[in-house]
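Paired with chain B in one complex and with chain C in the other, chain A is shared by the two complexes that follow.
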Partner chain A sequence: MTTESPSVPALKEALGSAILRAAVVCGDTIVYLARDRAHDVLAWLKDTPDQSFDYLTDITAVEYRDLERPLEVVYQLRSLERRADLRLKIELDPQGDLRVDSVYDLWRGADWLEREVFDMFGVTFTGHPDLRRILMWESYAEGHPLRKDFPLRGHFSRAEQVRRALSLQPEEHYSPEELELVARRLRKDDTGRVPSHRGGRA
Partner chain B sequence: MSRRTVELTLSTSGLDADGKPTLDPLGIAAPGRPDRLAGEGMMVNIGPQHPATHGVLRLVVELDGETVVRMIPHVGYLHSGFEKLGEYRHYNQIIPLTDRTDYLAPMANNVCLALAVEKLMGIEITERCTVLRVIACEMSRIISHIVWIGTTGIDLGAFTPFLWSFQQREMIYNLQEAWTGARLTTSMTRVGGLMADIPEGWAEELRGFTRNFPKVLDEIDTMFTNNGIWCGRTQGIGVISAEDAINYSLSGPMLRASRVPYDVRKDRPYLDYETYDFEIPVGEHGDVYDRYRVRLEEMYQSNRILEQALDRLKPGPVNVDDPRVILPPKSRAMSDMEAMIYHFKQVMEGIKPPVGEVYMGVENPKGELGYYLVSDGTAKPVRWRIRPPAFINLAALPKLCEGALLSDVIAINASVDIVMGEVDR
Partner chain C sequence: MGVGQEDHAVVSEISPNWVTTKLDYLINLARTKSLWPMPFGTACCAIEFMATAASRYDLARFGMERMSFSPRQADVLICAGRLPFKLAPVIRRIWDQMPQPKWAISMGACASSGGIFDNYAMVQGIDTIIPVDVYVPGCPPRPEGLLYGILMLHKKITGESLADPGLRQEFTLREDGLFLAPERVDELGEPFGNSVHQTRSG
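What follows is the complex of A and B.
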């Protein structure tokens, strides 16, 4: 039950200082990574033939009730071929700069997972092409719900939440990308006017 | 925060200001219209209230003619904050929340949570409990897939199989109701066991169901598999290669239809699945048709597993004999001091797993469902993460739809098999 994954010595040998430490909890191996080199480690794990962690099971984050403890970004990897799992963590200072490199370029599956971690915890993934809220709406102003300093009922009063919900503008239901699309269509209209059903008449 | 005003011309097309018909010389009404239309994208908003989006999913689609150029899905309309709520609840109190995520397979979700906490605490469940949980998981798979086949058939214009499939679903729901008391919100597991053993005569009823069910599947098979319209609407639509399917972290039938034989029941067995005799159906082309074939075949396999599980069902205790997690019988709690203390501690303080964390993945009908629990030694988890298969599968929808026709978007979206309760959590 308490055997360490054979990937750990291989990682230490290949990437040395990027591997901070490793632990075995409930039979699963957890590897702690240095933030700046985490992307290299994940790319190495994906592309090295005898590791071949080709499947990104999950990306999530954990903040502890003990506020002294770091906030962790957690990657759960799987090698479909070797039937092996590995969990990797990056520790961040919850009060500091919550920034890690995106793994979107390695796994497309990271797209929505990273957006969710950003939405729920406020972790910024550098290099993600479309990092915006996903479960909460674009103009949500109460912060990041899964942070421990976020009260269960939210920061605002019920009345304030209702007021904000009712005063949402139609544009706020669209992403910036979609608004840009509409703007482009309107600009392209050769007459310079908003087209109407009687557009031909002078 | 000013409201946007929309100016409307309060006149009827073809009438002048006095209400008399206007006289337009032929041909000048729309000069240059073909030019204006060429290359003009159109933006279509589908949902969130649309029968073919299977819940409150909203898709914004940019079209060139009828071809999808780009698709931007919007989710979150059903977000309930289950993960946050879980941090304020005892482990057994989280089980009712799991019902409401993937509400087409509530029993399988219940099983996953119980397994995760048991792994965290190192509890070995009893043999009867293991078999009953396998039955629960496979019943859920049949419910989920049969609803999928019925509703997807409707999306593509086939109504009859919907009636057949919902009739079968009703039979399973009756069994589920007899066991758990609920059709949807089952909450049937507890850490270390089950809420209740199956009632008298229940196993025979399930056996009766397993005898009849393949015949209904054969009928659905006859109706769809070689049907010209069905094949035309599904074959070669929404194709994703094996390599891309892995890269997009797809799981379940979505992944297996693309020729990747990954099934958690075989690859990381739980509940003694390695001892059951069943096949993992794998598709070839990764299109909508193969996803249909995979799901249909999986129901035959689930039926086989149910039959084997019923053969293995031996009398015995359902709950583990562990006073840390299982309430003592009421009669003992009322007469025995020690039993009363255990009862009190469990109800008032909750189950306290040791400090640690665990990821438990199970093969749900939609794909790999994973519960990641982090415990700090108290009765409430620090973090309860749901790895939602439908959410991750849905993320690949733009990739599947780009280049397809608008009418195919309905077929492709149906083939992903989403449940918004789980996507939004």
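What follows is the complex of A and C.
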């Protein structure tokens, strides 16, 4: 299938200038978005009945070896109902301000996906409730490992890396009290879709 | 144990070490035949380790069928798989919690040297974190390989003597928070083999 997704003309009609261009690559439609209006576009795709992209498959980012090419933040959407996929990209200047709006308010699944992109690429998601590192430990000080300017073996010497690793106190970051706090906050934040463990309705 | 007064006299006349050597023999026999492993499986080596414990290779033949998932009842730490820096304080804590006598087996290329993971996230050999008795090469080692390593550890234990004052020395972290001197860690982390050809080392 090499045809363009029917969402593209609909998007262009509804949101015009927010859609920079669209391309079909290996049968998949890729839509390039203007950074400032990306959240509007994603919200529209999720909430418009004809589109109903209700499932966020993935958020990731790509930086190319060609330094002229922009760094891309990639959103992979799926409509479970219509069995349709759509890929959207936001292009950012790798040397510039890596900042996009969080889509946590649209899809809760964006939480850890955005944390991973932040951890590995240093992209800041404005509006994310808890934008911490997720793969590397919290006191990791060498930068964002998947950036092309990051040396494969890291910035520090091996001895310094081992010293910092051994001085970590994992309990400080993952104490039972902290985990309980997070769980409690999630229960409070949530609109009632997650059933409480007590079995009653809020 | 049936050693009478006259025997004692004879023994002290002939050799003052007679009783210790025999006690060594008995104790070492008991220890070799009842090693309780603390499995620290992080990767594909752990799959081979499980195969070693299962019926075809059957660790129980060597008195090791009791996996000790608490470090406080374990004799031998088997690190089966690569060790990321994030796990370095964890394996150090486990090692510190294990009571003497204790030994460590480094299973596979990654645990022994970092293996193919010559990158920012991986400890270049667990001997930069804890003392290691036996290194088992392979990627991953076959169960026969691990069994050979365990038999080598048996041999090592058989040669131990209670008269050796350094035998049960605890190797704690140095003042600077490292296990080895920084120069040694850097030296052990030097790229070797195919790693020297990779271009992103910075």
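Following the convention adopted for this analysis, the second predicted complex is superposed on the first by the 168 of 202 C-alpha atoms of A that agree within 3 Å, B and C clash if a C-alpha of one lies under 4 Å from a C-alpha of the other, contacts with A are read in each partner's own complex, and residues count from 1 in each chain.
Everything below uses one rule, namely that a contact is a pair of C-beta atoms (placed from the backbone, for glycine too) under 8 Å apart; a residue touches a chain by one contact, two chains touch by 3 or more.
Remember, predicted model here, so these are calculated numbers, not experimental data.
Undergrad: So, does A:Trp137 touch the first partner chain B, the second partner chain C, both, or neither?
TA: Touch partners of A:Trp137: chain B and chain C.
Undergrad: Should A:Leu152 be classified as contacting the first partner (chain B), the second (chain C), both, or neither?
TA: Both chain B and chain C are touched by A:Leu152.
Undergrad: Quick one: is A:Leu56 in contact with chain B, with chain C, with both, or with neither? Answer first, second, both or neither.
TA: First partner only.
Undergrad: More residues of chain A are touched by which chain, chain B or chain C?
TA: Touching more residues of chain A than the other partner does is B.
Undergrad: Applying the document's definition of touch, where does A:Asp40 land relative to chain B and chain C: first, second, both, or neither?
TA: neither
Undergrad: Have a look at where A:Val74 lands relative to chain B and chain C in the superposition and call it first, second, both or neither.
TA: Touch partner of A:Val74: chain B, not chain C.
Undergrad: So, does A:Leu166 touch the first partner chain B, the second partner chain C, both, or neither?
TA: A:Leu166: touches chain C, not chain B.
Undergrad: Using the superposition on chain A described above, determine whether A:Glu91 touches chain B (first), chain C (second), both, or neither.
TA: After superposing on A, A:Glu91 lies clear of both chain B and chain C.
Undergrad: Please identify the positions on chain A that touch both chain B and chain C, taking each partner from its own complex.
TA: 136-137, 145, 150, 152, 167, 169-170
Undergrad: Contact residues on chain B for chain A in the complex?
TA: Those in contact with chain A are residues 1, 3-4, 9, 13, 24, 28-32, 36, 40-41, 43, 60, 62, 72, 74-76, 79, 81, 83-85, 88, 119-120, 122, 244, 246-250, 260, 262, 267-268, 356-359, 361, 368, 370, 372, 374, 376, 382-383, 385, 387, 391-392, 394-396, 399, 424-425.
Undergrad: Provide the residue numbers of chain A that touch chain C in the complex, in ascending order.
TA: Per the stated touch rule, the residues are 136-137, 142, 145, 150-155, 157-170.
Undergrad: Under the stated contact criterion, what part of chain A meets chain B in this complex?
TA: 25-28, 30, 54-58, 60, 62-66, 74, 76, 80, 83, 85, 87, 107-113, 116, 120, 133-137, 145-146, 150, 152, 167, 169-171, 173-175, 177-178, 181-182, 185, 188-190, 195-201
Undergrad: Which of the residues in chain C end up touching chain A in this complex?
TA: 85-86, 88-90, 92, 118-121, 123-124, 128-129, 173, 176-179, 182-183, 185-186, 188-189, 191, 198, 200-202
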